[in-house]
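Shared chain: chain A. Partners: chain B in the first complex, chain C in the second.
Take a look at the complex of A and B:
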């Protein structure tokens, strides 16, 4: 029965997944395209699919301690307009798709779709956000960094549902998001860049950069980032060349129908340079 | 009487805004069969075997063996098969249709059909010329021998996809006595009819073609619907049932015609003052697997070799090459955008060589009234280019900006292009090939129905033509009706192409309306007809490419200002200013709509829209990967139309639709060059290309 596939609560959704249901369909803006058929025919989405977009308890933005918690099925446009939304995430969502897509697409869907070019996922990775994965067996919280293992692949188990995203508040941080698409709106990123830095009394106390569309997953390298924490702003700026070299070794994009590897790499490193100089 | 240019509400506005307008995919007929095309998956080879799974009740395969007449789609020649027989020449070439009442079943069968091939290496190099033209003017050899210097450059342009909102679609159904009616999205109902007659091998009254509401075309629905029309007619003939063939977007992008990629080498012979005294042009176009209209596209390219300039000595030649790629075809501008891009770039580069501002350099060469055209015809009408350039310079603040940008380290630039479009068919095509006819039918209520074959594909021609007829009759526009063409009731006023609808068809209608007005009797049913008569001054030798290539020319000047992002090489449009001479606008807002859309499409051709092919397979196959500009990509446009009435056009109108596209690419390219101080010889100038130029390009 189709009705069974539209659970009204998180518990119902988890029960369906526990019974072997899936895939999970949230806003459907990626799945409907991937599984599309001849117009007039329903997309080739299995009958076992679990549709979560209508579960009210999974759609919210609220403060939880020092973090913002966003329900997994919250549409991007709601997050964009919410006053609690961190600036970096807001900036990324603003450049995601078109208003029509943003009204339907969800934050959880954007993460689980696991595109290395996803803009909200890039912002969340840079901010050090985590996600709550739930199943009837229990709950776990894992970082967004590492959630995806490749294009379209994640660490989610078949019975798990991404129920919430936990985002550190970025008050006092300097953040920036740059999207480079084939055009100025409604485009898939050819390369994208997010940065977040916290400076106290001229000392860098937190540093994060993330790159989109330059590899099979969103790229963020905490091991490199840690080497800048505790340095003065001037010391970080002085190391621009070394930083570019370090990232140059790991930013390894490909040629495809939207751009080429050389352009992607050059632009990614240009954006990084600009960020370093701005510290 | 009001000025004809004063705008009115479009005749089709209410139907389109309310969603009432019925496009071909909206039509439903009881018992209709849905057709899916099975296509070649290889670029070149022969079909060894086709294995078709057991067919459920009601599912029918339609292929070349079902064709009662000739297996060739008449475009110019009939070299393109309706369905492949043994040879396949490009990825996506149609082999057969699976037709059935249930789309899910049809799709499943189409997927299960296995075609095995003997694959041959694809020919992708431009080695097989299927159309060659050459002409000369003056004494080019002497000019080059005596030149103070010779400057040679090669320019390349890529594909462009029409990206009409509505994909291709055709429906057919049987009528009494074996007659077949086709309803589809199209520009040229009679092209479809004439192509289908030979395929079905029936009498003239055996095929009826009706234009459905058409959601954009840009040339993409000039010749292509002749193919789908022929396929559907064969399917209707075989099944005796209504059959529908509606393309999906990806299918449409992959297999329908696009703008010809080109490679154009230009050599300029310069005198001691850097003035161009001679020009040699060598043009190559990629026609794809079948020639189609490519020879005609090539000829328009070649005629435009001098751009908007008068050059005394010319040697021009070109070829359209067949390759194992998707056929290219008609697209707004029809060969002219490639040539104008090349010549405008060359003039800009020559100006740099001469140490002159590009606009000042171009001014020295502008064509003037009574000058000989490239083909030794005569520009008989006033050419207002100097004043039009002044208008654009002033409105864009060009002179101040170009000085400021030269000193500025920011990557800002401004560029200006000068161009024309030859209105209507080349040479005596209107008289020898088209022989347009129009008819007006007045009913007892004194309403007038306009019977023509010209289609409104979104450009607003039904409104413009209704205004012309109503204006001449001095009757309210609401009493003049322009129904969709139907070959059973509409005379052949020719195809909706070549910026000819307002000027040629509108001109005929104006004369026809004048006759009707003279004979007018209130309350009486009356008709009036008119046929095209070529103005006596036109002489054209098609073999020698000599004489008046076009009866009239529309002119344009476009300036574009850009800013290039130093980090990403992304181009942002900062301003677009244009001045056009289309004789007289028939409706100011419709004309502005054509201008805004055309210049945007032209600019995007120059810097944004990118389509590449590898081993015969397009890399960008949908509108996610083949990006066209959104509202965020364009900037406000400033458009001025100057009046310069053409004696033979209705109210003085000349061609409009294509002109506005032509200057976009050269203007934006010149602006980007100005911004990055590098020379661009290939479009689109994407950020990837700009980065390459920054790293390795020439100043």
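Take a look at the complex of A and C:
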């Protein structure tokens, strides 16, 4: 009976969730702090929790058609060291936590924790990655953009488990990840910025930018991005002011213990300017 | 109540209790191994570093549930190795220990780093130890100590 709480397979985990189990605990690096209590007391995680970090079939990196598929419970350090990992995701993971945190934290956990400041989630949003959500009732694939509905909130149903992340390969793209934090390691981003652009013969054929920690969720606006596709690099650069104005309307950060709204907005738009000028 | 079997310092052990307890509390309070220190309690300082399946992890963030079937090594067991002797000598020679509170975590992080990369550059050491804070020595001595250990302990890692 007790052993049931430590599922050895995906099927066992889904059955536990279907029976009302939860929350899902992966690496625990966020949850153990959020649920922390006084020294000596266990964090406030109920007995119904479903621990998934030791499910071997949820930890892998592999090629799947034109995408890279990463198991939901794969530790970040494994992804960082894997040769298939897209450059933008690798860049973001490198800036996440420290080796110890990356050995412990999982990619699925980073997404479901739904922090607007999450670095791997920012790279995945920018790359147009999707996730596979599974329950005993079935499987659905949804974009990472839209997975989170606010800090700590997602569209996952109680019985669903994030089992895999599907990431488009970014070969031939120019990508960059910039993080502004209080310390080189182990810092939660004050502001972060990811960009991915594809240029063929001087023409922008794909364009994506995403901001972290400037709103309740990671910010990416495909409607604005689409207006740059088909333009020459010079034309995009000429529109720098308009682009900054357009994003200025929607970049709405807050004041908190890590930074303040004014600084965040200034830095976020400066990072965007720098990126536009580099195209 | 959960029953969790794992290996602690090469001995098979059984834990019975709340599955959500922090590994550091289990190590220190249940097994009496006080060499692993609690600094910040939120994964930022690395004082609580232990090895789980030879990888460095912050034991203050690690639910004991997740060590099921895994091998945990703390400073109390690592100190019986030749590698530890080399690291200890290098830390002493280079003045890399002052108050000593961060040192068990530093040694564990150094072991994890050298196991992966026996001859790291100073920059690679900085990255390998980026999760460990020291408020006394200012890091330069620690980095020098690990460079020295890599050289003096050539072949051990």
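Note that in this section the second predicted complex is superposed on the first by the 277 of 279 C-alpha atoms of A that agree within 3 Å, B and C clash if a C-alpha of one lies under 4 Å from a C-alpha of the other, contacts with A are read in each partner's own complex, and residues count from 1 in each chain.
Keep this in mind: contacts are C-beta pairs under 8 Å (C-beta built on N, C-alpha and C of every residue); 3 or more make two chains touch, one makes a residue touch a chain.
Treat the numbers as computed from the prediction; the structure is a model and nothing was measured.
*Asks:* What is the contact status of A:174 with respect to chain B (first) and chain C (second): first, second, both, or neither?
*Replies:* neither
*Asks:* Considering only the touch criterion stated at the top, classify A:184 as touching first (chain B), second (chain C), both, or neither.
*Replies:* In the superposition, A:184 touches chain B and chain C alike.
*Asks:* Pick one for A:6: touches chain B only (first), chain C only (second), both, or neither.
*Replies:* second
*Asks:* Of chain B and chain C, which one touches more of chain A's residues?
*Replies:* Comparing chain B with chain C, the partner touching more chain A residues is C.
*Asks:* Counting only touches as set out at the top, which of chain B and chain C does A:39 meet: first, second, both, neither?
*Replies:* both
*Asks:* Touching A:267, do we find chain B (first), chain C (second), both, or neither?
*Replies:* The first partner, chain B, only.
*Asks:* With both complexes superposed on chain A, which partner does A:29 reach: first (chain B), second (chain C), both or neither?
*Replies:* Once the two structures are laid over each other on A, A:29 reaches chain C alone.
*Asks:* What is the contact status of A:77 with respect to chain B (first) and chain C (second): first, second, both, or neither?
*Replies:* Second partner only.
*Asks:* Scan A:227 for contacts with chain B and chain C and give back first, second, both or neither.
*Replies:* neither
*Asks:* Would you check which partner chain A:51 touches, where first means chain B only, second means chain C only, and both and neither mean what they say?
*Replies:* second
*Asks:* State which residues of chain A lie in both footprints, the one left by chain B and the one left by chain C.
*Replies:* After superposing on chain A, chain A residues 39-40, 184-186 contact both chain B and chain C.
*Asks:* Spell out the residues on chain A that touch chain B in their complex, using ranges where they run on.
*Replies:* Where chain A meets chain B, its residues are 37-41, 178, 180-188, 257-260, 262-263, 266-267, 270-271, 274.
*Asks:* Mind pulling up the chain C residues that touch chain A in the complex?
*Replies:* So the residues of chain C touching chain A come out as 1-4, 17-22, 25, 29, 38, 41-44, 46, 49, 52, 55-58, 60-63, 65-66, 68-70, 109, 112-113, 127-128, 130-132.
*Asks:* Quick one: which bits of chain B touch chain A in the complex? Just the residue numbers, please.
*Replies:* Touching chain A from chain B are residues 25, 34, 36, 103-104, 107, 246, 248, 566-570, 572, 608, 610, 612, 619-621, 624-625, 627-633, 687-688, 691.
*Asks:* In the complex formed with chain C, which residues of chain A make contact?
*Replies:* Touching chain C: residues 2-3, 5-6, 25, 27-29, 32-33, 35-36, 39-40, 42-45, 47, 49, 51, 53-54, 77, 97-101, 103-104, 184-186 of chain A.
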